[in-house]
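The following pair of complexes shares a single chain, chain A, combined with chain B in the former and chain C in the latter.
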Partner chain A sequence: MTDIDPHTDPEDETALDRIASASPSRLGLGRSGTRPRTASVLSFRADHAQARDAVLTHVSEETIENAGLLKVTSLVSDQDEYLARPDRGRQISEETAEQIRDACTHAPDVQIIVCDGLSSTAVEANIADLLPMLTDGFEERGFTVGTLLFVEFGRVDIMDAIGEELEADIVVNLIGERPGLNTAKSLSAYLVYGPERGKPTATKSVISNIHPDGLPAIEAGAQIVDLVATIHDQQGSGIELT
Partner chain B sequence: MTPKLESTITGSCQSFESIREVLAKANEEKSGDELAGIAADSAAERVAAKDVLSQLSLATLRENPVIPYEDDEVTRVIQDVVDETVYKEICDWTVADLREFLVDERTNEEDIDRIRPGLTSEMIAAVTKLMSNIDLIQATAKMTITARCNNTIGTEGTLSFRLQPNDPTDDVDNIRYSICEGLSYGVGDAVIGINPVEDNHEQTKRLLEVTKEFIEEWNIPTQNCVLSHLTTQIEAVRNGAPADLLFQSLAGTEAGNESFGIDIDLLDDAYEFGKEHCTASGPNFMYFETGQGSELSSDSHADVDQVTLEARCYGLAKRYDPFIVNTVVGFIGPEYLYDGKQVIRAGLEDVFMGQLTGISMGIDACYTNHIQADQNDIESLAVLLTAAGSNYFISVPMGDDTMLNYQSNSYHDAAALWDIFDVRPAPEFESWLEDMGIARDGHLTSKAGDPTVFLGEHEDGRKQESTNS
Partner chain C sequence: MGRETDTLTSVGIDIGTTTTQLVISEITISSAGLGALDVDIEQTELVYRGAIYETPLLDRQTLNVEAIEDLVTSELEQSGYTPASIDSGAVIVTGESSYKTNAEELVTRIAADAGEFVVATAGPELESVLAGTGSGAATWASDKQKTILNVDIGGGTTNMCLFAGDSIVETRCLNVGGRLLRFNTAGRVTHISNPAALLINEANLDIEVGKYPSEAALHELVDLMANSVFETVDGTERSELTKELTIRNNEYTSRTIDGVCFSGGVGRLIAANDDEDLFAYQDIGGILATAIRERLESSSLIVRPPTEMIRATVIGAGTQTTSFSGTTVSFDESVLPLKNLPVVTASFSGTDRESLADDLRHCLERGLSLYETDQVAGLALALPNFDTLSYDRITALAHAFDQAYDESGYARRQLPYVIVTQQNCAKALAQCLRAISTDVSPLIVIDEIAASDGDYLDIGEPILSGQTVPVIVKSLVFGRESSAA
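Let's look at the complex of A and B:
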């Protein structure tokens, strides 16, 4: 039984429409008895489904290949372990260390890594536009750019281990953020100067909320390039910046 | 002297080095204890630890706090407040005796009230580890812990809700709309509480003013709160902001609190400040939030398991006679509570431990999108904890908090739970809902669910002055 449908019978219909459209929250949806209406429930479930899929699915080989990324992996071996053991997502094996030392440019000014993080969707949605912006931008400013890497099951701080092995000056980690119900496409860029294992989180700079409805890739790219230039000039990142 | 810590309950002999290790390994399975490297290695070791724990005396737990008295001010708070007379009456009980006392049908609320002052957080955590989910629910249901701010929370037969009108840009109109929506579903009697995006005293003051103004214009028997850092709120109040409640996150170790930027001196000062300056009419004006795993996340867990640390948070909270304490149970992520099963267990443990500590306890039954849980899990938890007599739940529009990016109970869930369990909102608030025509005899009216009843001719949720005289 539907007691009320404020979409057809509110005290102030204009006001209700405005509330529903102005707020990003789920307002003015009405009810069926004490429960939400079926359409509201399904819309909520659809958003949650997209968020879950972003966490649980992998970045496609095609995306990795098209972006010209060399794929490596953290110590994590599957999705369950990734979620339960963030410590292992920050580390690489000795074999991986050897692999990247052999295959990658040594001691670049800027090393870019892409991590699936908590949203493969974010990587899929942003990388194709963002990466060329960054490599072009860095080269224009005269920075050498290292071999582009994709790290499967990577956490933010894996940038320290990789940067230390490659003796990079600066590492940029493009990583999928934990999805919300409003978007699963949000990516963050973490930047660190003088990467070494155990470097505190506070010494990392971050630009977040990179997605088509937030900070679009093209604007994010310009911001990241500028920030790398600042980090290079000041020889520090995060709280070390003035 | 520490007794021999070994058990043969599963056939082979399992032994343990310390009380702290027994407490950790006796926990129900939690990913956070595994991440910390202190969980039982096998199901057999887990039950062996429970067996050892069941035979420890309360005196042994008192004498072996998980962090030494001289090393940690939270330990000192918990130990110093123990009523020695009551303690002497129960110190020879084993943890098994305490469990059987709590679940015994002859044990009533007064009996629990009588032993409470003799308990430490370690004892409370220990008995929790021996209790099944029904044990926890039944024992929690025996306890009534009330507190009074502008209204009264926790009385028998009531279930309250925090209205959480967060907005990703702290947009004042959107916050008011969400308040209108929540009130139209009958929620908001625990608190109208906002998590601000910006943690500064100007913003905190602004949001305290917005909420207080709304509460006063509609004459709502509830309290407001803006959940910025305690020092930020104090600065805002010094500058004239009206705050009914003062909020702070707590940890169960001194080091954990340091990572939150607080210590007991600061909390003591805030409490004295609140007595003087909070706009609340009742004696209880503190609001604390906790959650299993927060100490590990700041590397301040001292190899203590997350249930014991959570109990210690409540021991600390009690010092300030809070109006509400809230365990934010599924927010922290799957590395601490892996899935719906662990979240539900932790929720039952926390509300039980809070009430046994003697604080007004409620819960944010919630989950993030990277945990193996969904809305069904937290709806189940809300049903279980209404059965247990949780004082309140957090509620957000359609379960979706667009600022904190996680999901909790929906505004809708309040009336559903009132119906299922035949419970009511806080009495003063229920009268107000009746006066507003939103609820009658504990049920929503046809007017409920329409936020525009609060809009009138002013479209931003403020009453017109002419109707306010």
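Let's look at the complex of A and C:
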């Protein structure tokens, strides 16, 4: 969020500072007459623009290439359709299914996919640190890892379709979260055991809020590795875990 | 996995100059479940307030360890708890008791008796902080976001702690207390502690062991003490005499305070303001309290009532010493609990692997030369913040650790590897270290704990389904009695 200087006339300035700094929300901004001050309005609009950008831009080819990801796409063909048809963001075409069956490792212990979801910014900000933590951690634990995939216009449940096609034991979906006005960099990791199309959301585990001011990407990576090991041991995910 | 809660039973034991006390509290902690970053202390409830006993001594230099052990055992029985049901807590030896020759042996034994993870602590600074948290001063400062000085006056020492908002600014400790001079029932002086002897010499007072002192001389003595207390409260201009009474002579920050709070045995007498016999305790506590009260009446200080007076320190010890690591710890459970790990703090001059390894090696070498490794359970290496937590940085750090543990000779000693970080990166660092070397084992990495050189660390067994470990950052400083002039 952009910095705002809260020029107001508080009764207790220290107390106000403490309250304002305890939360990233827009607190104690003051006003001019009955309206917010120009600086507040501008910073709000700037943050809103960043949030829109996170939804509407694409993950760069460079990021995808540097991370060594194979790019595929859902049934969605553009941003407008992505927002209007969540169902199509969960499916892959027969051609894509064939493409991944040909190009990817078959039946890995863990299949990792990265989805742009609702924030390309989140993907750009986190995966360079997160992916190597995952691959190192899985290697150390002796899990085989499938071909790393990037899915454009992907929703959470596309992990079921891809996992089913590749017969993966466990799928980890790293997906950009719907941006708020505080950060557009937040990523979530969804995990499922025994993926198949139509698998209920309740059987998925999630580690959310992965961003520099939340759960740092490297620490999230180590946490995901631990959770995958638990899911592997218990042969279940989400509410199936005890 | 939803919100989980756990309740810890915590004991506090304070062995002071004059009194020995025990309290038990129940601390409810919770975490929002997987992915939650923090563990919250939801509630602290004082469930048992023990009686106040006179601290048993064998002679002037020696604490009666057996009698104190019996006292703790019978208090525990009275409370309905057993050492097996106590999860954590602290024993602190305070005031002049910490100067006794067997103070260290005492706290260690009492801590072992009182429960599996009850820790032994000592040190005037820690004592000051605990008194200020137990008296309610810390809560007041935090709730009101104001500055308050807690002044805990006991039998042997006066321990002050300055709180501003949520933080502890500094501690100020003096050898001033109500038991520095003692009488028999007839009113003859039976004992003069060194700090009192210093004042008597300085002011040429006619007070001697075995004689009846004049009331005027006694008043002059407590006036000098009160004067030192007020000079220390003010903090700006202190006389040479006050500096001589000061434990570890520090410079104090000068800032306006919104209030002072008096706790401790003498603190209680200041507040009591009744017609009680001034010499009821056969010491100078009563007249010292009167001298301080009279000065307060003519001073501009605003006195805030504490929530606890004589029990402030013991309550602080029972409720405030344990903290909890972040939820993303990594530990080899088989070696827990670990106690009395000296903390050595690393500072980083660069970010590349070689310079990180150099800095860590220096830090370990310093630790190994300071502490006999056959006497301690290991060294806890505390890391400074290193802002960006990138994959490259954390792997460089892991390599540096592996190298430094080896080259410093730490690895040969077969001690556990304990690392403490302030940032949330414990699991990541542990994963990287395990990937590099299988030799760095048993490995414990805990995060979101601030510890610095000279502190000691105790790490308990995991709670909340293994999400966190209780951690106690403490001091173990046994005083030396100041020599009388």
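Going forward, the second predicted complex is superposed on the first by the 232 of 242 C-alpha atoms of A that agree within 3 Å, B and C clash if a C-alpha of one lies under 4 Å from a C-alpha of the other, contacts with A are read in each partner's own complex, and residues count from 1 in each chain.
The criterion applied here is as follows: a contact is a pair of C-beta atoms (placed from the backbone, for glycine too) under 8 Å apart; a residue touches a chain by one contact, two chains touch by 3 or more.
Bear in mind that the values here come from a model prediction, so they are computed numbers and not experimental data.
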| item | value |
| --- | --- |
| Clash or fit (per the criteria above) of chain B with chain C on chain A | fit |
| First, second, both or neither for A:Ala222, with chain B first and chain C second | second |
| Which superposed partner A:Pro24 touches (first chain B, second chain C, both, neither) | first |
| Partner chain in contact with A:Asp12 - chain B first, chain C second, else both or neither | both |
| Which superposed partner A:Ile170 touches (first chain B, second chain C, both, neither) | neither |
| Contact breadth on chain A, by residue count: chain C or chain B | B |
| Touched partner set for A:Ala128, first chain B, second chain C, both or neither | second |
| First, second, both or neither for A:Val151, with chain B first and chain C second | neither |
| Contacts of A:Met159 with chain B and chain C, given as first, second, both or neither | neither |
| Chain A-centred angle between chain C and chain B, computed on Cα centres after superposition, in steps of 10 ° | 90 |
| First (chain B), second (chain C), both or neither touched by A:Arg85 | first |
| Touched partner set for A:Ser205, first chain B, second chain C, both or neither | second |
| Chain C versus chain B - closest C-alpha approach in the superposed model, Å | 5 |
| Set intersection of chain A contacts, chain C complex versus chain B complex | 12, 15, 18 |
| List of chain C residues in touch with chain A within their complex | 1, 34-35, 37, 145, 165, 328, 330, 389-391, 394, 423-428, 430-432, 434-435 |
| Partner chain C, residues of chain A touching it in the complex | 12, 14-15, 18, 128-129, 132-133, 136-137, 139-140, 205-209, 212, 214-219, 221-223, 225-227, 241 |
| Parts of chain A lying in touch with chain B, wherever the complex brings them together | 3-4, 6, 9-13, 15-16, 18-19, 22-31, 34-36, 40, 44-45, 47-48, 51-52, 54-55, 83-87, 118, 178-182, 184 |
| For the chain B and chain A complex, residues of the former touching the latter | 31, 34-35, 165-168, 171, 173-174, 177-178, 180-181, 185, 333-335, 338, 368-372, 374-375, 396-402, 405-407, 410, 412, 415-416, 419, 444, 446-453, 455, 459 |
